[in-house]
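Scrolling down, you'll hit the structures one after another.
In what follows, subunit A forms one complex with subunit B and a second complex with subunit C.
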Partner chain A sequence: MNDTTITFEIDGIEVHGREGQTIMGAADTAGIYIPRLCAFEGLPAFGSCRVCTVKVNGRFQSACTQPVAEGIMVENDTDELLEFRRNIIDMLFVEGNHYCMFCEKSGNCELQALAYRFGITAPKYPYMFPADRNVDASHKDVFIDHNRCILCARCVRASRDLDGKNVFQFVGRGPGKRIAVNSRANLADTDLEVTDKAVEVCPVGAILRKHVGYTVPIGQRTYDHEPIGSDIEANKQ
Partner chain B sequence: MQDTQDMKRIVIEPVTRVEGHGKVTILLDEENRVKQARLHIVEFRGFERFIQGRPYWEAPVLVQRLCGICPVSHHLAAAKAMDQIVGVDELTPTAEKMRRLMHYGQMFQSHSLHFFHLASPDLLFGFDADVAIRNVIGVAAKHQDLAVQGVMMRKFGQEIIKATAGKKIHGTGAIPGGVNKNLSIEERDSFLKDIDQMIEWSRGALAIARNYTIENLEAIAPFGSFDSNHLSLVREDGAMDLYHGNLRAIDANGGKIFDQVDYNNYLDYIGEDVRDWSYMKFPFIKSIGPENGWYRVGPLARVNACDFIDTPEAEAARQEFMAVTNGKPNNLTMAYHWARMIETLHSIEKIRDLLHDSDLQGTDLVLKGDRRPEGVGLLEAPRGTLFHHYRVDENDQVVMANLIVSTTSNNEPMNRAVTKVAMDHISGKAEITEGLLNRIEVAIRAYDPCLSCATHALGRMPLVVRLVDHEGNEVAKKST
Partner chain C sequence: MSENLERIVTAVCESFGNDRTRMMDIVRELQETQRHISDDAMDLIARQVGTYRVEVESVVSFYTFLSKKQKGNIVIRLCDDIIDRMYGFERLKQTFCDALGIEVGETTADGLITLETTPCIGMCDQAPAIMVNDEIFTELSRDAAIDIIDQLKAGVAPERLLRKLGDGNNSCPLVSAAVSNNIRRRGEVIFAPLECGRSLKKALAMSPNEVIRDVKTARLRGRGGAGFPTGMKWDFTRAATGEKKYVVCNADEGEPGTFKDRVILTERPELLIEGMAIAGYAIGAQEGIIYLRAEYAYLRPFLEDVLQKARNMNMLGSGVMGKQDFDFDIRIQMGAGAYVCGEETALISSCEGLRGDPKNRPPFPAQKGYLNCPTSVNNVETFCCVARIVDQGAGWFSQIGSKGSTGTKLLSIGGDIRRPGVYEVPFGITMREVLDMAGGENAAAVQVGGPSGQLIGPDMYDRIICYDDLATGGALMVFGPERDLLQVVEYFMDFFIEESCGYCTPCRVGNVLLKDRLDKIIHGKGEPSDLVYLEELGTSVKATSRCGLGQTSPNPILSSLKNFHALYLAKVKEDQPFQPTFDIHQALGTAKEIAGRPSMHFAE
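This part shows the complex of A and B:
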């Protein structure tokens, strides 16, 4: 990485980035919000959710992994891409058991906040109601509710790269893929601690601290007043 | 993952589905005389399974899905049970008063809604009046001021709920061991601005219910009426307390069956009977047995059971109410309406007093104690005593939930009321007249059962009445 400035366009607006920076990184600095779920500041990009999909010179790319390049034309806020992203959010909702109305993550949940930002009130696909998702509440301070996991791998990366522990990893393939812990038994048998970064990064209500649900009143939660992405858009000059 | 493999997942659908019809079956004997009437209510027992495996702090929010009409009552009853789970026996003054404010707000809006939308047409036009006028639209046309008051009173109660729970429906205000917010000065002042008007209108509604009862006493005395036991929470000094207290049961003459029972021991005093024709259980007082131990709950039972009310205007109204029956319990089904309006006035008096209490602006919101495996929470919901009982395992997951909702307790009384009405109006002819249909509707409505929730919008209660002969054949069917 060096200081050479790279100039390109997002939706016709001139944006400057540095070599090695991703499109998402440069857009953030410029105050242009590109929706995301698996990307998280401080974690290596993973590129799995595809919510950040943009078009670069007419081709679909994930903005969280694609590096900036001189003169590229990036499409972000277009009807086509909004529809594409909306469909992904819709599918994530029906794939799990997401009941916002009583979920303690409500108001702080990135998936819910994206649905609001995209104006989704009810998913257009049929609910799958998966019956094989369980709750692991064996740990005294933290629990996992697999009903709500969207397989973003933030916990996997945070535990490995920030906590140096490898508590979480994926097992299974395709529709059977899920998050597992690195022990033969339960979360309680791992060396996970409540202060671990891995506990903080979950975008949804799948990994949560125990005993503190609902302590923040409605009206003071992260997305009660401003839609998700507003903090980035505030960077706009 | 051995231990967690059997956790039940949550399926929302059966909980959110609302049964909108009351179904009544009237059984006839060989001479076409009424043997028995049965009111079928769909109850959400399945909920007690859905909550298994969920973390305990989720319960007060999750249980609100149980009922679209008094979610706040479930929210608070579950929170009270969860206070015990987290080892807290006494909340901070701010938490206790915020919860009370929420509860009185709920009582006020629920009673107002029932009175103006469902009951007032019966009371203003008489229950023999043409159904074409005897509805909330008829009230709006003839008594415009009343219709407006009903809407405004309900809104006031809902705003109180919003200020205490965060949302008008399905809020999060009560959490195990306390609450998550206090009342800001601005919120308080916005309520104080309207409080005198609310009290004034509550007096007016009370007068309508009182006058109706007194002026028509002769006609309504036998209507769907019968002697019964009454059950309610009362404060330690015998005062009415809608949010907290000990259990008291009295018989039809006011004799105490039990008194000042710690509700944690409710299972020693209350049993639940099962009948083959209904999914709903039939609770009864154990010392009397399932046959005669059934009891009424709700406004009538509460006004009958308490020794006094601790707000002056409601207490004056209670004394007048009790004088009608010479101080003995009032057992008239139609007296529910009057009792409900006494409670409405009591609730708004309580709200006024709370708004003047600076504890509501306190900042000590939550307490924590030592975790316990079991918790019971009771309160007096608008429709009557509400029981919540949970066991939580060492992983903090709910392993057992038992709920007795008010409409379940009033199950037998409503069946009796319908039977009484049917007996008085079917005499040897296997037909359902318009008058019978009307009267069944009016009798059930006096109890304000949850099944009316789907119908508040139009102020009509969809009802299907079937007549079944002694051989089990349906001989007539009619719906409203």
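This part shows the complex of A and C:
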């Protein structure tokens, strides 16, 4: 261990991190999975979904934004936190229109996978069935289905920071907050290309490629055999 | 795209140095002159300041005083606050709708007048109140409302509408507002007589560290509500490294029921300026920003004049009061209608020309605030306290109030009381004493600290107003025995839904779910399990929300569940009949329309 190593605890397990690293980053390396939706490797932390909420020295913080510090006591896998996270996942399900059974993302969807990991069969909150979520199919290669958008801003960040384009941004506020594109109305009028990182990073089926779909048979999809987070847990020594 | 618009947009952008961080000023000015920010205007702004169009739209769509849709030359905003509702809001709304022949949200056919409602405009002690463009009219009767419309229709400009001027500086030509101060009790800190420049002079004779030490010794805590120790905040900001540092005054007084900063801005702006200059000196900042809520735009010309006078007296500018190496000046940043901007990091976002989204912490503003520079954001009242502490001494200040809560507190009291207004009281006073003072002996409940605070009943009136018991940024809303408290709670939840920035899931979604379940209970359809649902959901939203708004938004429900449990119990009953969560006929509406026939499975 050199001087820059920061030692702290997650659920009583000693974890090592380095200066400037987030709790989530250090936990990933240690093979401890902290559930997440808006966080994505290679994109700046955003802290909006709150699924990664942990308790740091008794205070609730998002693990994706909270830096590690020497000696902090982090709670992750507790009944209280699991309940809060389940509630957030439930909220995201009822806020939009998520019909997994015919969504192309099914099996590869991180929201769905989280629900499975948490053992959610149906959300505890009543569905809101929003009627104002439209579909933008104007672009020749990509479409946006706002019914499935969970406002995680991965596309916003990827387009800005990885593609250098700024195709996406939020408009409106509160329950009326939406992803908008950098044109008067249509995705077709932006400089988005199908090869953009922004298209790849969507955790749900809100931004999808056209001309392909259901290419992977059931049984071979990303989350068909192992729950989401298994790759991280495999890091465990 | 008209050449005229292009010329106008270019000129406005240029007047702000084509600086995209001045987006708020740019779009505010265009809103004022063009009455909307059109698609064309957004394209032009983006091009002119070198940003993306969607970034401009992102800002425009965030603030309620900005709009993509064309508005009338005159926008009438009816203050839709719970106190205004108690004092005739509905009647007044009907009067305006009838007289104008439009509904709320619409514009008259001639394009002259747009009618809107807006949450608390800081006039709870003189409800019902309205805004006509930037002008404020209070205690508005039906006749006065009709008279205003008649004058407007006859072509009278809003600033020329006849009005009875208020007391104090409200009647000074640069304010000319029909607003009353209603200062009911003057304490020894804020409303004591003021000798301009004295405390700043004293501060400049000390070292910056000595100033901070005094603020710490006085045990001053932030007056906005959160109560963070001011001296500590300044220490952090001073210690942080940054080429530039900033002092920001949070004058975005948006918590419904609060209006004390409005009175300070009207009657003690010099004290505020001194406090800000002292802060600048203490932390090593050269620039200060007063973030003024859009609802207080009527005070802007007056405040600009006060700033100019301070420059003339060398209380601002270069070499402040002869101190060679200390330059400090202040600009006013106007808000545009967003409660969340009262949260300090959201306020900074707004100052930077962005949506009013709060920022992730850490880094805290003391490390990376405005334009990533170390920034101290303090409340209007806090700066005023600092000026007095420097002038009269930390010992003097800490003698006032209680041990953990030194000094005085301004309370804005409105609702069912005989003497609504602003009271400067020492910390440590009981709620009962406050109610006696304000003529509210019969109060059935008091909302302490605005919607984000708590609702308490008569059995708690012996509790003490201080940081450790009944903490408040100053708002007390008093409800008499005839008021329906669940309606009050419902109103507050509507307020939070409206004002949530929507950034994080729990606040964006959870508040809507809470409100829906509350509605169910209010309508007599609730079961006892719904109370557990509210409790669990509310706790969850508080714990997982990203900023102070979401962390307090369930408070109206949680505190009333706790303190007025009987109200809920009276509404719920076991074994309610099955209640569908949606209307199947409505859901099938579009399908039936397309099919051109009724449903075969669900009888009408």
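Definition applied: the second predicted complex is superposed on the first by the 234 of 237 C-alpha atoms of A that agree within 3 Å, B and C clash if a C-alpha of one lies under 4 Å from a C-alpha of the other, contacts with A are read in each partner's own complex, and residues count from 1 in each chain.
Basically, a residue touches a chain if its C-beta (ideal position, glycine included) is under 8 Å from a C-beta of that chain, and two chains touch if they have at least 3 such contacts.
Nothing here was measured: the structure is a model prediction, and the numbers come from that model.
Touch criterion met: A:94 reaches subunit C, while subunit B stays clear of it.
Between subunit B and subunit C, the partner in contact with more residues of subunit A is C. Of the two partner chains placed around the shared chain by superposition, subunit C is the only one that A:176 touches, whereas subunit B remains out of contact. Once chain A of one complex is fitted onto chain A of the other, the partner contacts of A:47 are limited to subunit C, with no touch recorded for subunit B.
Shared contact residues on subunit A (touching subunit B in one structure, subunit C in the other): 129.
On subunit A, the positions that touch subunit B within their shared complex are 97, 99, 101-102, 104, 129-131, 133-138, 143, 147, 185-186, 210-219. Taken in their complex, subunit C has these residues touching subunit A: 39, 52-55, 57-58, 61-62, 338, 355-356, 360-362, 497-506, 508-510, 512-513, 516, 536-537, 540, 543-546, 581-582, 587. Listed in rising order, the residues of subunit B touching subunit A in the complex are 1-5, 7, 9-12, 53-55, 57-58, 60-62, 64-65, 86, 165-167, 170-173, 175-176, 180-181, 366, 395-397. The touching residues of subunit A, when paired with subunit C in their complex, are 45-51, 53, 60, 62, 65-67, 83-84, 87-88, 91-92, 94-95, 125-129, 150-151, 166-177, 180-184.
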